[in-house]
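What follows is a pair of complexes built around subunit A, which joins subunit B in one and subunit C in the other.
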Partner chain A sequence: MTAQTIIQSLASGLLMGLLYGLIAVGLALIFGLMDVVNFAHGEFLMIAMYATFFLFAFFAIDPLLSAPLVAAALFVFGAVAYLLIVRFAVRAKANAGMVQIFSTFGLAIVMRGLAQYFFTPDYRSVTHSWLGGKTVSIGGIFLPEPQLIGAAVAIAAFGGLYFFINRTDFGRALEATREDAGAVALVGIDKNRVFALGWGLGAALVGLAGAIMSIFFYIYPDVGASFALIAYVTVALGGFGSVFGAFAGGIIVGLVEASTALLLPPSLKAVGIYAVYLLVVFVRPRGLFGSM
Partner chain B sequence: MDTDFARSRRRDLIVAFCLAAIAAVVPLFVKDVYVQNIMVLTLMWGALSQSWNILSGYCGQISLGHALYFGIGAYTTALLFTKFGVLPWFGMIGGGVISAIIAMALGYPCFRLRGHYFVIATIVIAEIGLLLFHNWDWAGAALGIDIPVRGDSWLKFQFTRSKLPYFYFALALACVAWFVTWWLEDSKWGYWWRAVKDNPDAAESLGVVVFNSKMGAAAVSAFLVAVGGSFYAQFVSYIDPESVMGFQFSLLMALPAVLGGIGTLWGPMLGAVILIPLTELTRSFIGGSGRGVDLIVYGGLIIAISLARPQGLVGLFTPKREEAAR
Partner chain C sequence: MTITRRNVLLGATAVAALAPIASRAQTSEVVIGVLYPLSGASAQQGVDAQKAYEAALDVINKNHEFDLPMAKGEGLSGLGGAKIRLIYADHQGDPQKGRAEAERLITQEKVCAIVGTYQSSVAVTVSQTCERYQIPFLSADNSSPSLHTRGLKFFFRAAPHDEMFTRAMFDFYDALKKKGTKIDTLALFHEDTIFGTDSANAQIKLAKERGYKIVADIKYRSNTPSLSAEVQQLKVANADVLMPSSYTTDGILLVKTMAELGYKPNAIVAQAAGFSEKALYDAVGDKLEGVITRGSFSLDLAAKRPMVGAINALFKEKSGKDLNDNTSREFMALIVLADAINRAKSTDGEKIRTALAATEIPGEQTIMPWKRVKFDEMGQNNDADPVLLQYRGGKFVTISPPQGAVAEPVWPMK
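And now, the complex of A and B:
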């Protein structure tokens, strides 16, 4: 193993890690807002990938162009999912935790079923996009263009989210609701509207990730499941509810995955991620940046 | 209230005995193999969910990684039988003991975690187990293990001619899981678990040994689930990592309890009696096309039931007065 290979894998790991962070940040946002883990997060990613694929297949729109469209569509989808399902799950007085897990998990199963019904279980891929298959060489390290753009989009999205939360009225309402959902009602903020907005935003972020990922991953009804588990680990590693934690967690997960792939057979690369998660929470039960 | 509680416990036991007796007679009249198969699966999932409920329902430590114990039970039995010719009965006990030890070893660090951190740790640990078995050549790796037919007897726990013996074992397993739950409900552990579930800090301050009682729940729960896994291996006679340790098994174990009523004595069995036949029927009648309609119906049901009756269906059968007494 040469230094070249190590740097090469770590660089690829970093790029992938930023994408993991982008997938996870929506989850972290929703959790921070209302303490709910969306167990259909992977399926949100899956429909974003399908949406990108169909825009490409029917209208020849390149994934890079359709990414904003897909994000907007996912925004609506996330808000509707909140209003139709999650809104009622949060109200449950008995077993609130299990009701949230199983209502969003039920949604995941329905979405997978619908994808199988309408799109068939076949593997699909976006062929010949603008970026597909191209690489850039920086100092002897080869980086695939789609992943580079993905990382750039992820960084831009984090920046945008930071700006949104800290500088806009809606962002302030979001932050206030997150701190005290009961009190905001007294100052005339509609809690449900803010929660719906949070779900829309969370879904839009994963929509962005899905659009980019459709360039270099196969698309099939179960594609979300494996990424969803990585997203949960990413969020928990960073600390539930911390948007910054999800960003940092993503980078760590990407680097750990790349290093594991150097040391263990490729089929075991996820073991490294899981082991690091366990190590971190055994030492710090609230994740790296989680608060008590 | 105390006498009421004792009376309702006695009544639970009598009702359970009657139901088990009725269940034991049913397959003598229902000879259809397809229906018998569904009955075996219903009892098995009922037993598994009942065992899961001990740790996750009564003690409040929600595990979505119980597939690990199920898989260990299945693999221990299958490996001992195919590699060394050890009778499945020993594999069953061995798998149960190994699972209980592993559950306690994992509980040692994990029980410090709370809420979602704990849930995700259980998922992740089961997932690591799955990946390891996937890569373990001696245990058949991804191809799994074909359990050869070596006879048709209770001794070898293989039955080729009829499903009835499997049915009676599954019934016995369900009864044992139910009875263990019933027995623990009114034991020192049972009270500790409820205290730990309601408020771990308060329980600790009142002298409840929180950690030890969680360990006890984990061990009992894992042992029973592993016995279920070992039964499953003999029943289907072919196992691979995905089919005994996949994440869906962990969920399938939790679902009946959630549906019927988590942390209740009757919830898991009630949930299994409703859910498993429904799953099997939707799968064979509308899932045959392979187009996911069964998933849509199944997922829709999960959403509807968890939103409409968060406390589970078991409350529908409990008179108001007794509910208040509990």
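And now, the complex of A and C:
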């Protein structure tokens, strides 16, 4: 194992980790806001990838250009999903937790089924995008441009989210609703609007991730599943409800995955992630940056 | 005659004994279970397989002039012209779901045989279930060698297994080496279910026997989100030949990641699966000029056997795709099975099994480059000769074995 191999693996892990973080942040945001786990998070990612693909296939719009469009579309989709489904699920009188799980889980299955029905199970791919297959080489270390851009977008999106939550009125309303949804209603903040905004934001973030990922990953109806699992681990590792934790968790997961693949047979690389996850949950059940 | 209890009982017994025969003689349809991944990561293969079976069903149930068993005339003549009906079930690529669905097909749907399953890992559980219920299982497109060596009586496979495919690859290397091409080191890249594992084992064994050095043996987790670390190791090993055993999703990601990490192998010789799928070439075909894959089918055969082109057209009408390594084997599986049921003149599992064991179909009466279809005592057809295909200018050409080749191989790949 040469130094170059180690640096390359860690660099690849870091770039992948930033993307994992971007995917997980939306999940953490929604959970932090209203204690609901969105089990359709992977399917949000899937439709974002399909949207990017179709914009590319029919209108030849490069994923880099369509990313903001896709994020905006996902924002609307997320808000509507909240208003049409989740809003009623959280109101359930009996077994509220179960109803929430089944509502988003059901949404996931419906979305997957519809995608298979309308888009067929064929594997799609964005071919010949501006960045596809391009790579930067620094001293023998290869940094693929799609992942570099993905990492930059992830950092920018996280910065933007941080600014939004801490510096704007809506952000403060979001934070206040997070702390005490009952009390904000007394001061005239419409809880439903804030929740819808949160869902929209969460979906928009995963939409950004999907748009960037479609440059280097294949697209099919079940594509969300493998990423969603990592996103749940990332959120739990970083700390439930902590947006910063999800981001840091993503980076840790990416690095751990890459180093495990370096030390153990690659078929066991997921073991490293779950080992670290278990360790964190044992030592600090609320996650690394969790506040609850 | 007075009606005694004894006579009533005798009569009832006689009627009961006759009833199944009577209903069997009137059988207007023969029900066969078809088990594939119709949702999940491999749904595309399942949906394509459905089209292949529909094409075969068309050939069997309607009158065609092809020189294939069961093509002429409608339905199964041995069962009074009975038509075959297929019942599809979805195993989602999960061995446990495969087992449950096989059980349901046999006990609820009363199928008389099962074909499937794409993934070898699922074929393991499905064939065991079929064995328990004494229902024949025809493995259409599973290639793991360990499937037929378990001593199952009801397991049959007309297509080659990975040891046969791998032998074809090494014969090809040997021939190239003789002509002065440098092939010393191999890198194996395989997924972690039975397909990839068996494939790698066969490759390791043959490499040892024939004096090739394996410089990387990378077993990766299927459907993984990232293959950077794996490709990095392949790149460091930099073997003369990269030998992947991957399904479509991983195959696409592998090729994309190789391009990103600046790894251009000298040659790729693939164990089909993803590398025989149109979806993979749609996604990354521009990076695969000159890739070689093993196959059990070649459209080049249509030049010698026009029927192959006609059947391809029949399939293409249904699916919009050309027959490939998988769909051709699926097509043939139903033909072979229908032929056996026809000769068995029965839908009884044991009788179909006996008829399958007696199968003898000459190669010319298939759409494959096989010598013939004849099963050994383990249910494997050892006369199913594989071919090697090279991807050039957007299509596959047969480059090996010499008797089937239409072109010289391009080595190294571009």
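Note that the second predicted complex is superposed on the first by the 291 of 292 C-alpha atoms of A that agree within 3 Å, B and C clash if a C-alpha of one lies under 4 Å from a C-alpha of the other, contacts with A are read in each partner's own complex, and residues count from 1 in each chain.
Simple rule for what comes next: a contact is a pair of C-beta atoms (placed from the backbone, for glycine too) under 8 Å apart; a residue touches a chain by one contact, two chains touch by 3 or more.
Remember, predicted model here, so these are calculated numbers, not experimental data.
Steric overlap between subunit B and subunit C is present once the structures are superposed on subunit A. Of the two partner chains, subunit B and subunit C are each touched by A:Pro121.
When the two structures are aligned on the shared chain, A:Ser12 is found in touch with subunit C, with no touch to subunit B. Residue contacts after overlaying the shared chain place A:Arg193 against neither subunit B nor subunit C. Of the two partner chains, subunit B is the only one touched by A:Tyr232; subunit C is not. Of the two partner chains placed by the overlay, only subunit B lies in contact with A:Ala92; subunit C stays clear of it. After overlaying the two complexes on the shared chain, residue contacts for A:Ser267 are found with subunit B and with subunit C alike.
Of 91-99, 235-243 or 307-315, the subunit B stretch that intrudes into subunit C once chain A is superposed is 235-243 (criterion: clashing C-alpha atoms). Overlap of the subunit B and subunit C interfaces on subunit A: residues 112-113, 116, 120-121, 221, 225, 265, 267-268, 270. Contact residues of subunit A toward subunit C in the complex are 2, 5, 8-9, 12-13, 16, 112-113, 116, 120-125, 127, 133, 135, 137, 142, 144, 146-147, 216-218, 220-222, 225-227, 230, 257-258, 261-262, 265-270.
Those residues of subunit B whose C-beta lies close enough to touch subunit A in the complex are 62, 64, 109, 112-117, 119-121, 123-125, 127-128, 131-132, 134-135, 247, 251, 254-255, 258, 262, 290-303, 306-307, 310-312. On the side of subunit A, the complex with subunit B involves touching residues 31, 37, 85, 88-89, 92-99, 101-103, 105-117, 120-121, 221, 225, 229, 232-233, 236, 240, 265, 267-268, 270-271, 274-275, 277-278, 281-282, 285-287. Contacts from subunit C toward subunit A in the complex involve residues 39-41, 43-44, 46-47, 192, 218-221, 223-226, 228-230, 232-233, 236, 248-249, 252-253, 256-257, 259-262, 279-280, 282-284, 286-287.
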